[in-house]
Structures are given as C-alpha cells and as structure tokens.
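Going in written order, the chains are labelled A, B, C, D, E and F, and every chain counts its residues from 1.
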Amino acid sequence: MQKLVDGVHRFQQDVFASHERFFKRLVEGQSPLALFITCSDSRIDPNMITQTEPGELFILRNAGNIVPTYAISNSGEAATIEYAVSVLGVQDVIICGHSHCGAMGALLEPQQVADLPSVRSWLGHAEATSRIIRENYGHITEPQARLTATVEENVLVQLENLRTHPSVLAAMGRKELRLHGWVYKFETGQVFAFNPQHGQFESVGEGFEPHPVMPHLRVI
Amino acid sequence: MQKLVDGVHRFQQDVFASHERFFKRLVEGQSPLALFITCSDSRIDPNMITQTEPGELFILRNAGNIVPTYAISNSGEAATIEYAVSVLGVQDVIICGHSHCGAMGALLEPQQVADLPSVRSWLGHAEATSRIIRENYGHITEPQARLTATVEENVLVQLENLRTHPSVLAAMGRKELRLHGWVYKFETGQVFAFNPQHGQFESVGEGFEPHPVMPHLRVI
Amino acid sequence: MQKLVDGVHRFQQDVFASHERFFKRLVEGQSPLALFITCSDSRIDPNMITQTEPGELFILRNAGNIVPTYAISNSGEAATIEYAVSVLGVQDVIICGHSHCGAMGALLEPQQVADLPSVRSWLGHAEATSRIIRENYGHITEPQARLTATVEENVLVQLENLRTHPSVLAAMGRKELRLHGWVYKFETGQVFAFNPQHGQFESVGEGFEPHPVMPHLRVI
Amino acid sequence: MQKLVDGVHRFQQDVFASHERFFKRLVEGQSPLALFITCSDSRIDPNMITQTEPGELFILRNAGNIVPTYAISNSGEAATIEYAVSVLGVQDVIICGHSHCGAMGALLEPQQVADLPSVRSWLGHAEATSRIIRENYGHITEPQARLTATVEENVLVQLENLRTHPSVLAAMGRKELRLHGWVYKFETGQVFAFNPQHGQFESVGEGFEPHPVMPHLRVI
Amino acid sequence: MQKLVDGVHRFQQDVFASHERFFKRLVEGQSPLALFITCSDSRIDPNMITQTEPGELFILRNAGNIVPTYAISNSGEAATIEYAVSVLGVQDVIICGHSHCGAMGALLEPQQVADLPSVRSWLGHAEATSRIIRENYGHITEPQARLTATVEENVLVQLENLRTHPSVLAAMGRKELRLHGWVYKFETGQVFAFNPQHGQFESVGEGFEPHPVMPHLRVI
Amino acid sequence: MQKLVDGVHRFQQDVFASHERFFKRLVEGQSPLALFITCSDSRIDPNMITQTEPGELFILRNAGNIVPTYAISNSGEAATIEYAVSVLGVQDVIICGHSHCGAMGALLEPQQVADLPSVRSWLGHAEATSRIIRENYGHITEPQARLTATVEENVLVQLENLRTHPSVLAAMGRKELRLHGWVYKFETGQVFAFNPQHGQFESVGEGFEPHPVMPHLRVI
C-alpha cells in the first residue's frame, strides 16, 4: 500500500504539476474516442497500449472481459455500455482479450474455481465460449493453443452478447457505432484484431485498417 | 479509431521495444499489489495516478465504481473481487470515486437517465447513497457540494457492500486484507482517503499513513 | 369448451382412424426438420402454413415470438432451444413474426399494457426493437407501416438474442445450424424471409432460395 | 428447409387460395375459444387434435408444457397467460401433456440433461412433479407406467402453478375462467381429462362433460 | 433498548429459574406441532394466541404474512417451509393474517409506499390479492370492510402460493400435511378460519373443527 | 391441530377476557421498541425472552435468522426491515441467533440438505459465515464449539448484510438507529450480546450496558 501512496505523491509532483492546465480542462466534460472493454488483469494498461491520454478512453474492466447479454435485471456492464453509447456517444467499442488470461484458463479447467462461487457463476456468461471449445475444438489439444483459441472465441462470443444491448443495436442500425474484437499479447506487445471477412485475428500495426463486425441490418 | 490503431503502433515502437524483457517476464504470472476499483470515466488513469506499472494493479472499472452486494445470483464485480482476493491474494482493496462523476450526478437527478433502463437499474446498487443524501443532507443545497458529498458517501456505501463478499470478510477476519476509500479530484491532482477515526476524507500526500476501514470482528 | 371436446371426438373418428399406422409410428421418437418459433396468436397455424405433418416441426410459441438472451437464470425459451439443437439436432431455426401482432402493437403503445405487469416485463426482452423504432424510424409515421417495421425489426432482434445461446452458437460454428427470419402475413397468405444480403424481407414462393443469417465466425 | 419452403408455396396455392375470404376476415382481430398450453414436441398439433381453425386457439408451447409460478421477474409464460386472460378474455385454459414426453423423461433421469444447463434449470419449475414421483410413487417401478404418472402429475402441478397468476385467480373468482388438465396419447389418438371429483384422468370422447379444477374461493 | 435488557434479566430470574428442567430438555431437539406463518406486526404473539410453549410452534414471520411462490431463485420463506415440512415433518401449516395489517393497507394504497422500494417490490408477491380486490370487489367501498376483504383474500392467495412448494405438494399427496387459513382480530381476541366448504372465514372457538384446504389430487 | 384450536379458546377465556381494554387500545397503531430478527426455531419465544407485551416487538423470523443483502430484486426480509425502520421508526434492531440452530448445523454439514434445494439456496446468504469458519477456524474441531462459533460469526455476518439496506444505513448516519448482535442459549436461559470493543459475545444480565455495532460514518 505504501508504494501506491508514494506513487500518488510522485504523480502530483512529477506529472500533474507539469500538465496542470491539461487536467483542469478535463472539468469541462469527457468525450472519449471509444469504449474499451478489457480484463482486470494487472498486466494490461489500456492507455499505454493505445498511447491515449486521460479523456480519450472510457474503460470497462472485469475478470475475463465478459459482457453479459442484455436481460431484464441488468448488470454494471449493461449500464456502462448504455452510458458510453447513449450519453457519451462513443463511435467505437473494442472488446480486448489477452494472452495468459486466468479467467479463460478457469473456463477450460472449471475445477480450478470449484471453491469460488462468484467466479463460477460469472463464467456462466461465457458458457457459449466453453461449449464452442468443447464441441468444435477437439482437434486442438496443446494447452497453449487451446487457451489462445478460447481467448479468441470468447472475444467473438462477447461481441454477440454486446449486440443484444438496445443502445448498441440501435446505434449500429444508424451506422453510428462500430464493434471491434481485439486480443493483446503482452509478452510480444502485439495486438490482434478480428477480421470478419477472413475469419481470423490479424496483427494491428502500421497500415492496419479496422474491419468492424456488423449485425444483419434491415435497410431503413 | 485510427488514433487508437496508430497508438498501438507507437506503443510497439516506442514503449514495448525498449522494455521487452520487462514485458516478457510478465508471462510468469501476476501478483498485483492491490485491487483498484474505480469508475469507467475516461479522465481516470489508475496506473498514472499511482505511478504503477503493468503487473501492479488488478483493476475493476464500471460506471460509478459500484460494488453490488454479495447475492446468490452474482455479478462481474463479485467474480472479479473473489478472484483478486482468493486467487491472487491481494492485500489491499481501494474503492476510488472521483470528482465530476456522471453516474453520481445521475443519482442526484434521476430524470437524466429516465430513458436509460440499464443505468437506472444499475444505480439501484447505490440506493443507500441516494437515500443518505436525500434524508441526511437537506442542509447542503449548493450543487457542487452536494455532488461531492454524494461521491464521498457512495465510496463508503460501496465499502459496506464490499464487506458482504465472503472472500473479503474471511480475509479481513485473518487480518490479511485492508479496505480503503479514496476520492480522486482530477482537476487538482489530489487524492483523498477516508479516515474512519476522523470520519473525513483526508488528502493523500507526503507522509500520509493509510487508515483502513475495519469490520466488527470476533476475536478468533 | 364443448366445441373443443366435440373436435377431439371428430379428430378420433375422422383423422386418427384413417391414419392410425402413421400415428403409431411416431412412438419411435421425433426427428423434426426444424425448430419453429412463433407468436401465440390464434390466427397462426405453423403446420398449416408449412404444410407439415406431426413429427416435422418442433414448435415454440409465446406472445410476440420473443427469445430472451441466454442468461444465467434461464427461461423456457432457452430450454426449448437447447433441447431442439442439442438433443434433437434440428438443422434450421425459424423465427416467424406476423402481421397485426398484438404484442408488437403493445410495444409501440406501452400504455395499452400499463395494467399488465407480466406483459410489460416480458416486452423488456424486445427493448432493442422498441429503441430501434424510436430512434431510427422517426420518418415512418403511418401506424400500419410502423407496426410492420416493428414486426420485422423484432424478428432481427430476436435472431440476435437467439445467437447468444451456447448450443446455437456452437452448432453454427460447425455449420450445422442455420437461422431464418420470417414474417407471416395471414391476410394475404404471404410469408416473407429476411435476406441478409439485401437487408430486406423477400417473399417466399416458387423458386425461393433460403439465405440464412450468419454470425461472424473464426475459421476453425 | 426446402421442404418447408415448398410447403409454404403449396399452402398458398392449395389452402389460402380457396379460403381467401376466411383469412382476410381474421384481420378484424382474434377472439379465441381457449388458451391451449402444450409441449413443443413435434408430434402434437393442437389444431388437428381439437379440429379447430385459425382464430380459435391461443397457443403457448414450450418443452414440457411447464408454467412457471407467478414471480416478480416474469416469464414468457406469465405474459402469454396474462394476455390471453386479461386482453383476449379466454374462458378456458387447457394444460395438455402428452405420452412419450422427452422433457418428462429427463425429469425422471436428470443425468440425461447433465450437459444441458438451460433444460436442467427449466425443469426446476417441475421440481414438485419430480418430488411427488420420488416420494409418493415408490410402488410404481415399471418405466412406462412411471413416465405416465409423471406426465399426469406434472399437468396437475402446472395447474397449481397456473393458479398463482393474478389474472387467472381474479377471473376464477368471478367464475369467468375454467382450468382443465389434459393428456394426449398420440399413438392411440386418445385425450384424457382430469376429473377432480374422481382424482383420475378420464377419456374425452362422445358425451364427455368437462370438470374444471377449482381453487378455494371466498364467497364474494 | 434498556427495557429489553431488563426484560432478559427478569426472564432469567422469574421464568427460566422455575422451569429450568423444561428448557434443558429442549436441547434434545424440536418437533413442533405446526408451522405458523404470520405478519411481523408487533401486536401478534403466536404463542400467546395459541397458548403454546417453547418447542410447539415453528414460526415464520414477515411483513404481510406473504409466501412467495416456489421459483428457481428461492427465498427465506421457501427455505423455512421446506425445512419445516421435510426435516421437522410438521403436519399442519397455518397462514395467519390479522386485522389492521399495515402491509395490506399499503396494498390498497400503494402511494403509501412510493418511497419504500423494498416494500413495494415485496408486495408484488401479493399482486393476485391486489387484482382480486380491484377487479372483483368494486361493490365494497367502505375502507374497513375493504381492508378486511383484502386480509382474507390475501390469506387464500398465499395458500395458493404455498401449494407450489414441492415439499408441501408432495406431503399433501400423501395426506401427511394440512393447510389452514386464519385471520386474527386482536381487538376482539377472535380467530377466524377459512372453511372451504362454505367459502367463508368462521370463528374458531369451542367445538370448532378444522377444515383444511385441499389441492386437486390424483388418486395414487 | 386440535391442541392449537383448544389453545385459541383458552386464550380467549383466560387471557383476552381479563385484558380486553389493553388489546382494544392496540387498534390505535403500533410503535414497537425494536425490530427483533430471529430464527423460526420453535424453542425461541422472543416475547418471553425479553418479557415484552403485544405492541412492543416487531418480529422477523426465518430459518437461521438470515438477512439477505440489499439487492435490486428484494426479499421479504428487506421489506420487513424497511417497514420497521422507515415507517415505524424503530430505534434498535437485534439479530438474535441461538444455540443448537439446525440451519447453522446444515451450514457446517451441507450434505444434510442435499435434497432440500430451497434450504441450500437460502444458506447461500450465509456463505460468508461458511467461508469464515472453513478458512479461519481450522483450530476448532470439537463439533459443539464449532457450531457455537458458526452461530456467533453468522450473527456478525448478518449484521454486515443488514447494513447494506438503505433505510438502515441512512438512519445510522443520523444516529437514530442502533444494531445489536445477540445469541440466545435456551438451555441455560442466557443471552449473549456482541461487544465490538472486546470482539466478544458477553452475557446480558443485571447492569449490562448495550454496545451497538457502528458503521464507518462520514461526519455530516
């Protein structure tokens, strides 16, 4: 804890002092570029990965970057998404999984969380991921490859879940919102984005062009 | 979106390249110093405020830094907390509210979110905050002061909610976990921590000593 | 009621007697061609519309042909879908809305069901439909056209919801399941099917070729 | 799927064309004779069994003809029942189970659905059926007889559940609604109706007189 | 509070001391005569009304003597009933309403509890009572008579709800459990029991013979 | 049952007749001294233990004296607490556990209730108790001592849960409500109250002074 307290002091001395005017301007309100949904894993720093500054990313984080479907009794995820889309008017939503995700590991080996009722219950929102791996990935047995497939499929499953949220579906119908599926591999610094035309995750780098996933829309 | 894609590229060139060994070591696992629970607001960067690096903070973020109570049908918050405490063994949990919080503003003026069913439902987990302000703060009418009181009381309410989570209560009983209530005022760079002995939020700075909040414990 | 009792007698005399062998063979089990999800409206007879016989259609009916999303506390709809896909192995699912639907009418004019708490709550699963109409269809004001748009958009919304069910998503990943969106206009006998390539509902008739809707799939 | 598309075409040519005036009249609205609640099993055609036409039966179908009790967070079943009773004013509700029901089979042998979380959860609404069979039917061990008892007891359990719905109980108090428990044995074409005076299911046929089940009513 | 502390002391001196052997024998376990479900109202003392001693009544009390239906996510009421019937084997269950019940008053005038979200939500389990009064009791307008009818109808509604609990229905099927509906009028000391044959609440006194309410049972 | 009916008659003759004026005065309304939350166990008589009369204790009873946390879909416990605090304005709430509690026994040995789905689900609200015993009480193995620790820790856990209820937290903030944790040992007639300063349950008797448990409050 002391380290954090010291860090706050250092922040005030080293960072805030020299950018005071920037921070003060943030009082006027926020208009972030995107909603960034990622895992709580300590090894991910969304602002560092995207080189963004305070005010640029609205960030939702939980174990496993999971998005429960829209349902009548709603969740913090539903509220955060609705706020980002309907109040802040973000134009992009990124769901970003990551390599070595403990939550995805637990999905593959549920006995790991046998004593953790809240985690077990929460992973129920990734039951589709679990079933896809169990039923369709019998041919991939190498543990690391299996975990990678789980992380990737889960990003796609959560994108499906995301599309059940009314504010999301309505904004997509107006072509005002785009959804993106990413995986961050922290040990190589790579980010992979899902390309729906190729059915693959492709490396984000120089010259990369985003290919958002789209629902089936009635022409209005 | 292009700005984020460019940022990723810059991250790879500028940051990752020069710290490759550090990032690679993260593969061995995470053992974060603390669980940091804060709002999704884009103006907050937990790693910047505490000057921490990847691997040091397990981060839970949602609109309003709200922690639903432990209940049978559990939430992402419950799972993330349980994972942090029981699997990662964090020793400190910080709930960090912030100045100019839109979710807290909506709690004071519910008509703002009349058309946002998920947000309205989610703010039900801050009903105690709402009631405390309505019933006990009649004497504070100045809007800014009223919002500050709401942000502060909400941090305390969410600390009460946090203490209903079994993993939290059990770890506190063993004196292995400490809870902290913070408020971050981004326009001044200040962080205030609740001091249960004084019943006040006090500025975190040089020489600050943490005063965690404690449950009433049976001596074991 | 007497009419129904008389009908049963007539069925036994006129229908069963002459097809006894056919009915007896049904004891061996069912392997329906499709899961047909439609409204409870009395004016729809799925077997008549598709000219199918006992044993050919597994049928799920409720007010508004609504499919709640997959969520941890599950519904009759979830169970019926899971049974159809995972136990019976149906290869097609059709969600079939219809003209003059009372449930969709109530979605447009919620005050109609102000005194019906269960209906109001149930229509929450069509909140995305409601929001799409409210936000994106301001230019269509003629009541009948507005109801038609609602019925059609709702079929698409429920297809999104359907895709969150694990058994559905996993089977689609194996290319073993196809989803179809239909609207039945009983006063003209027409059936319209959604064509995702054209973004329109097109008349089913001679020479019609089905265009199922597809999720974004990772190539396995 | 092609068979269904061809069927639609045949329906338009053979059925609709010769009854066009009848179908057109349905636009005026529906006033069905009864609400018919039955299983999704493909071998049941409610309109065929009762020899009714479009407009005569409001139909609710799910796996196991199950009616969850009225509860605060309501179901599609609750909404459909409320709509039928309060909006359409049906005077009779029939819950119709059937021979060889897969859902009832799964209730007797839960391991069959161990991998089907939605079905398992849904069968929780037939937990009373399950318990009655387990505790009171030890003397019936022959599998077919045990399944028949399960199907019959389940119809009675679901009638109890049905009576917790406010619209149902209020209409029964006014003597404007009657409830009936049926079992359809498709391999013999027989329909059995529960006679509460005899405590038995009795064959519906020529000269049959319905005996609705009644709640205990306060004389108004 | 001091009064309660003094009372405890007086209990130890005056009551316990002279009945020590009786109290010690209670350690052997409990086998209560009945499960008594009544309101939390301070003016009701079940042991006084029935002149029973410690060990004789298993008592469930909440605001309004309400019994939520059996549902998948269960309540304290469900657990208490299940424990009483399945573990303790009680043979009678009494639901006892009372005159001047504040919860029933709030059911008639919901605006009284507009600011009490938990009470409002809880009264949803008496929605059938509410609807019966609204739809069927238009002819009774005198407030006191209307409240009495509400209290009585609510006892009958809660008996319907009670019968959806699996342990209850199964025990009734074995003729091992009887259900009773009572109303206690504390200002006259009278107790009224529902007689299902007369459709009325009748005074319990000398020579009174209980008439339990019965479900429709299949002869086993 | 006959015993209870006879008891009612005896109550009318022996008790009511001689205190008629007292009972009639209760019509004016109730203003109880406290909300008393205890187990449904038949061996507890709250009015006897505290030597209170009708009108003095508002009583909430369920299996295990459990208080679910405040959550969006609320319970009978939430409603009863809210009514007691907000409508009746009680100034003290006592949660009273007891020796030889069957519910707490089942918490220690869950296999006892393997066949009781409602009890098992209900004990989920005492999951923190269960976890505290499992993780922190390894050194206490003697069954009776382990049960006593469970009963005591559960009273503290339920006090934490109680503090999440908005009406409770708001009233405590105004210093208008005090919470107490008690354990009643019926075989000795003793009552123990938790003293938060000593971290122990201490005997209530002559000269005892209550030490309510307090939340961490912001000075208003």
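Heads up, the rule we're going with is that a residue touches a chain if its C-beta (ideal position, glycine included) is under 8 Å from a C-beta of that chain, and two chains touch if they have at least 3 such contacts.
Here's who's who by UniProt: A, B, C, D, E, F = Carbonic anhydrase.
As the structure is a prediction and not an experimental result, all values here were calculated from the model.
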> Roughly how far apart in rotation are chain D and chain E when fitted on CA atoms, stated in degrees to the nearest 5?
Replying inline: 180
> So which of D-E, A-B or E-F is the twin of B-F, meaning more than half of its contact pairs are the same residue numbers?
Replying inline: D-E
> When the C-alpha atoms of chain A and chain C are each averaged to a single point, how far apart are the two points in Å?
Replying inline: 32
>> Centroid of chain D to centroid of chain F, CA atoms only: how many Å?
In response: 44
>> Could you work out how far the Cα centre of chain C sits from that of chain D, in whole Å?
In response: 18
> Considering chain F alone, which of its residues make contact with at least two other chains?
Replying inline: 68, 70, 72-73, 117, 121, 124-125, 127, 165, 167
> What residues on chain C touch chain A, complex-wise?
Replying inline: 68-72, 121, 124-125, 127-128, 130-132, 134-137, 149, 152-153, 156-157, 159-161, 163-167, 169-170, 173-174, 194, 196, 198-201, 213, 215-220
>> Give the list of chain D residues in touch with chain C in this complex.
In response: 1-12, 14-17, 20, 23-24, 26-27, 29-30, 32-34, 40-45, 47-52, 54-64, 66, 68, 70, 73-84, 86-87, 91-92, 94, 100, 102-103, 115-119, 121-123, 125, 165, 167, 178, 180, 186-191, 204-206, 208, 210
